[in-house]
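Here come two complexes built around subunit A, the first alongside subunit B, the second alongside subunit C.
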Partner chain A sequence: MMPATAAYLSALRAGDRRAAFRVLDDALDTGAPLAELYLEIVQPSMREIGRLWQENALTVAEEHLATAITETAMNRLFERVFVWRDERTPRLLAACAAEERHQLGLRMLCDLLEMEGWETTYLGASVPIESLVHLVKERAPEAVAISATIAPHLPRVRDAIRAIRAAPLAQQPVIVVGGRAFHGDPTLAERIGADLTAVDATGALLALNERLRPGPNGE
Partner chain B sequence: MMDAITLPASVDLGAWPGVALRVQGDGTITASNGQLEAMLDVSVLGRHVEELLDEEASRRKWSRLTAVDADAGPWELIFCTGERMLPTGRYSMLHDVANPEAGRWLIEHPPAPRLAELATQVARIDTELSTAQRALVIERARLASALAEAERSNLALDEFAHAVSHDLKAPVRAIREYAELVLDPGIASADETRDGYLRRIRELTGRMREMIDAALEYARAGRTADRVVQFDTGEVLRELVAFLSPPADVTIQLAPDLPVIQSERVPFEQVFRNLLSNAITYRREGDAHVTVSATDRGDNVEFVVADNGPGIPATQQERIWKLFHTSRPGEGTGLGLALVKRLVESRHGTVTVQSAPGEGAEFHVRWPRRPVMRASGKKANG
Partner chain C sequence: MNDTPEAPAHAAQLLMRDRESLARAVSDALYAESGERLARHGARGRERCLEDMHFNVDHLIPAVDLQDPAMFVRYVEWLHGLLHSRGVDTRDVSRCLELLRDETTRRYAAADARAIGAILDAGLHSLSPR
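Showing the complex of A and B:
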């Protein structure tokens, strides 16, 4: 584990917001790109928090606090690095399947896409299927991302995909699914009707860029 | 090993306000107080605890819990089925003194629904705040960009107004002076002299009209947006060279690996038409070479238009970008390089010149591969 990651993790375990922010601020000051901070500091730390819960070394309350600190920390980072672009395409609508606490992966994906010039709308947790379909109709995004952490939420993901597929749209969005519930079963995403899946935010970023934003040289 | 927590023989688990399961050593549930069934809406007897736990996290925890023969606790577990998931519960493993052979009891600490609900609400508010905060970040960046753009155009307007008023004064002054001469009977007595002055006035008004047209073109260059298309810069430049049909003593060589980019094609063409036509105009007579090459600079492509012409003295290198500046007064309006700079910068590129007298000039144009941001760079740290 990198020293910054260890420092971030210990700040999370101590519930120390300021210390956590400082670790990320310092890392950003050294010129590390957002993706690196997300994937090498934030994500491994949050995985470790999950593992500590499994070992009964942390309570759910402490895990919640770590998540809340991390959400705020991500906003701070994003605010420092985000630069407005007049041309923001393609567009992506992102939602969690249900009341998910572990939605940081989807947030990371949205932030990283924004940095690459996408327009992302992050709807957060517990978006009713009708509202999701309504927004897809209204905004006609090129892509929709849905995440699910646990297996019991998979039926909702499936229902949401069916509802989008059934909606009268000029063009069907590319649907990408992800989250822990999809790990370990490579065909699950396809079986429930999604177009793409990936194991983490960078994987999803690559897959989406490849699908919807081929480089000028076709790269 | 810790001391075992034991269950007094007299306890009636039927009335226990939380989940109570009797669990065999292998994890099979052999008795229940009915709470888990009621909440999950499935029967649990005969099933393995692991089957009813939330995914891998709780399952791994369960195997630890049993592996360490754990009385240390409580342990947080999440029970679920394919359809339902219970909130996190706190559990302890208790030994049944009265009937130790029948397995141990997995007992949920009495849940506090109100507290759990509050915790969920806090988590939801946290998440909503965070989502709103993120939207705010994006909106704020948009406003900052709009403000910067407004400030830039104000500044550009000032410069523009200054250049126009300053440079148009000269021909106006000259016209006025010639008019005075025409009106002065002592000077413009001869018809041919007067006609000469009038012709000069006509030339000057023509020149003024050119300058006004140039000023308008310059003003428009930064504001109008063309459609973004994907095009091969090599192809565009080859067409430009054909269009400019350079004189016989000029060789224009385009690098073979000029890239394909996504951009506004018209301003791109305008920039290179001006640079190439400058290179042709200010050439080494008899043996002029011009090359165009491109280097990958990440989000940008750096094009270099290099010539072996007379070069530009260091003292002139700032001035060449100014509107109406020209090193050969009377030849052209002095719009070319000012327009190039404005076109390039309004597309978030840069243009610089490297030159020394007698050694030709290199114009370096950094042009974005794709349309990019309005606001500039990172926010200042801290």
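Showing the complex of A and C:
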């Protein structure tokens, strides 16, 4: 584990948000890009927090505190790196499956896409299928991202994809799915009807860029 | 035996419909046969047992729906680690799955019970000593 990751994890375990902010601020000041902070400091720390909860080494309250600190820390980081642009394209609409509460990964994806010039609409946790389809019809994004952390939410992801596919749209969006529920089986995303999947936000960003922002030679 | 392609989806719908009563039936059956031993966990233990049964059914549903035994095995292995660190015996985890299999076999038509049983058996197999 990198020293900064260990320090961030230690701050989360102590419930010390100022210490957590300091770790990320210092890393940003060294020139580390947002993706590196998210994927090499924040994400491994939060996975370790989940593992510690699973092993009964952390209470639910402590796990929630770590999540709350991280959400605030990500808000602060994004404020610092955000760049205004007149035009943003393509557009992505992002939602967690109905009843899914784990949203940090999806939020990371949206922030990283925004840094690359995409326009993202982030709906957050537990989005009912009808509301999601309504917004897809209204905004007609080029891509939709749906996240699920645990297997019980997978049928809702599949049903959401089916509902989007059945909606009267001028052009079907590219649908990317992700989250821990997809990690154990690389075929699962395709089986439930998605176009793309990735193991983390950077992978999803690369896959989406490749599909929707091809290079000048069409590669 | 050839079951229709719709059998898993139908079986998953039954599990979703009966989530509450299945969880309660399995929890009650576990306490009926091992109540004395489980009494050490107290009233909170019984509440948690019911919560865990809900969780088992919740994770069984997508695995049945997608006929994906590996998905349920991943859950069972995760659950086993979680409960083991909280002092729950492996045999109680196995017994819950056996009771759930018995209950679904008793309640549902053969094709539905087979679609469910295949997934539960994969989970049980992953807990058996190697």
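In this text, the second predicted complex is superposed on the first by the 214 of 219 C-alpha atoms of A that agree within 3 Å, B and C clash if a C-alpha of one lies under 4 Å from a C-alpha of the other, contacts with A are read in each partner's own complex, and residues count from 1 in each chain.
Please note the rule applied: a residue touches a chain if its C-beta (ideal position, glycine included) is under 8 Å from a C-beta of that chain, and two chains touch if they have at least 3 such contacts.
Predicted model, so just to flag it, every value in this text is computed and none were measured.
Superimposing the complexes on subunit A yields a three-chain arrangement in which subunit B and subunit C clash. By the document's definition of touching, of the two partners only subunit B reaches A:Arg80; subunit C does not. Look at A:Glu71: by the touch rule set out above, it reaches subunit B but stays clear of subunit C. In the overlay built on the shared chain, the residue A:Gly124 is in contact with subunit B alone; subunit C does not reach it. Contact with both subunit B and subunit C is seen for A:Glu55 once the two complexes are overlaid on the shared chain.
Of the two partner chains placed by superposition, A:Ala194 touches none, neither subunit B nor subunit C.
Of the two partner chains placed by the overlay, neither subunit B nor subunit C lies in contact with A:Ala7.
In the superposed three-chain model, the partner touching more residues of subunit A is B, compared with the other of subunit B and subunit C.
Applying the stated contact rule after C-alpha superposition, one finds that A:Pro152 touches each of subunit B and subunit C.
Of 3-11, 21-29 or 111-119, the subunit C stretch that intrudes into subunit B once chain A is superposed is 21-29 (criterion: clashing C-alpha atoms).
The contact surfaces that subunit B and subunit C form on subunit A in the two complexes overlap at residues 54-56, 150-152, 155.
Those residues of subunit A whose C-beta lies close enough to touch subunit C in the complex are 54-56, 150-155, 158, 184-185, 188, 191-192. Those residues of subunit A whose C-beta lies close enough to touch subunit B in the complex are 28-29, 50, 53-56, 59-61, 64, 67-68, 71-72, 74-75, 78-87, 99, 101, 103, 107, 110-111, 114, 117, 122-126, 149-152, 155, 180-181, 216-217.
Residues of subunit C touching subunit A in their complex: 12, 58-59, 61-63, 65-66, 68, 70-72, 74-75, 78, 81-82, 85-86.
Here subunit B touches subunit A in the complex through residues 54-58, 60-61, 64-65, 72-73, 75-76, 80-85, 88, 119-120, 122-124, 126-128, 130-131, 133-135, 137-138, 140-142, 144-145, 228, 230, 259-262, 369-379, 381, going by the rule given at the top.
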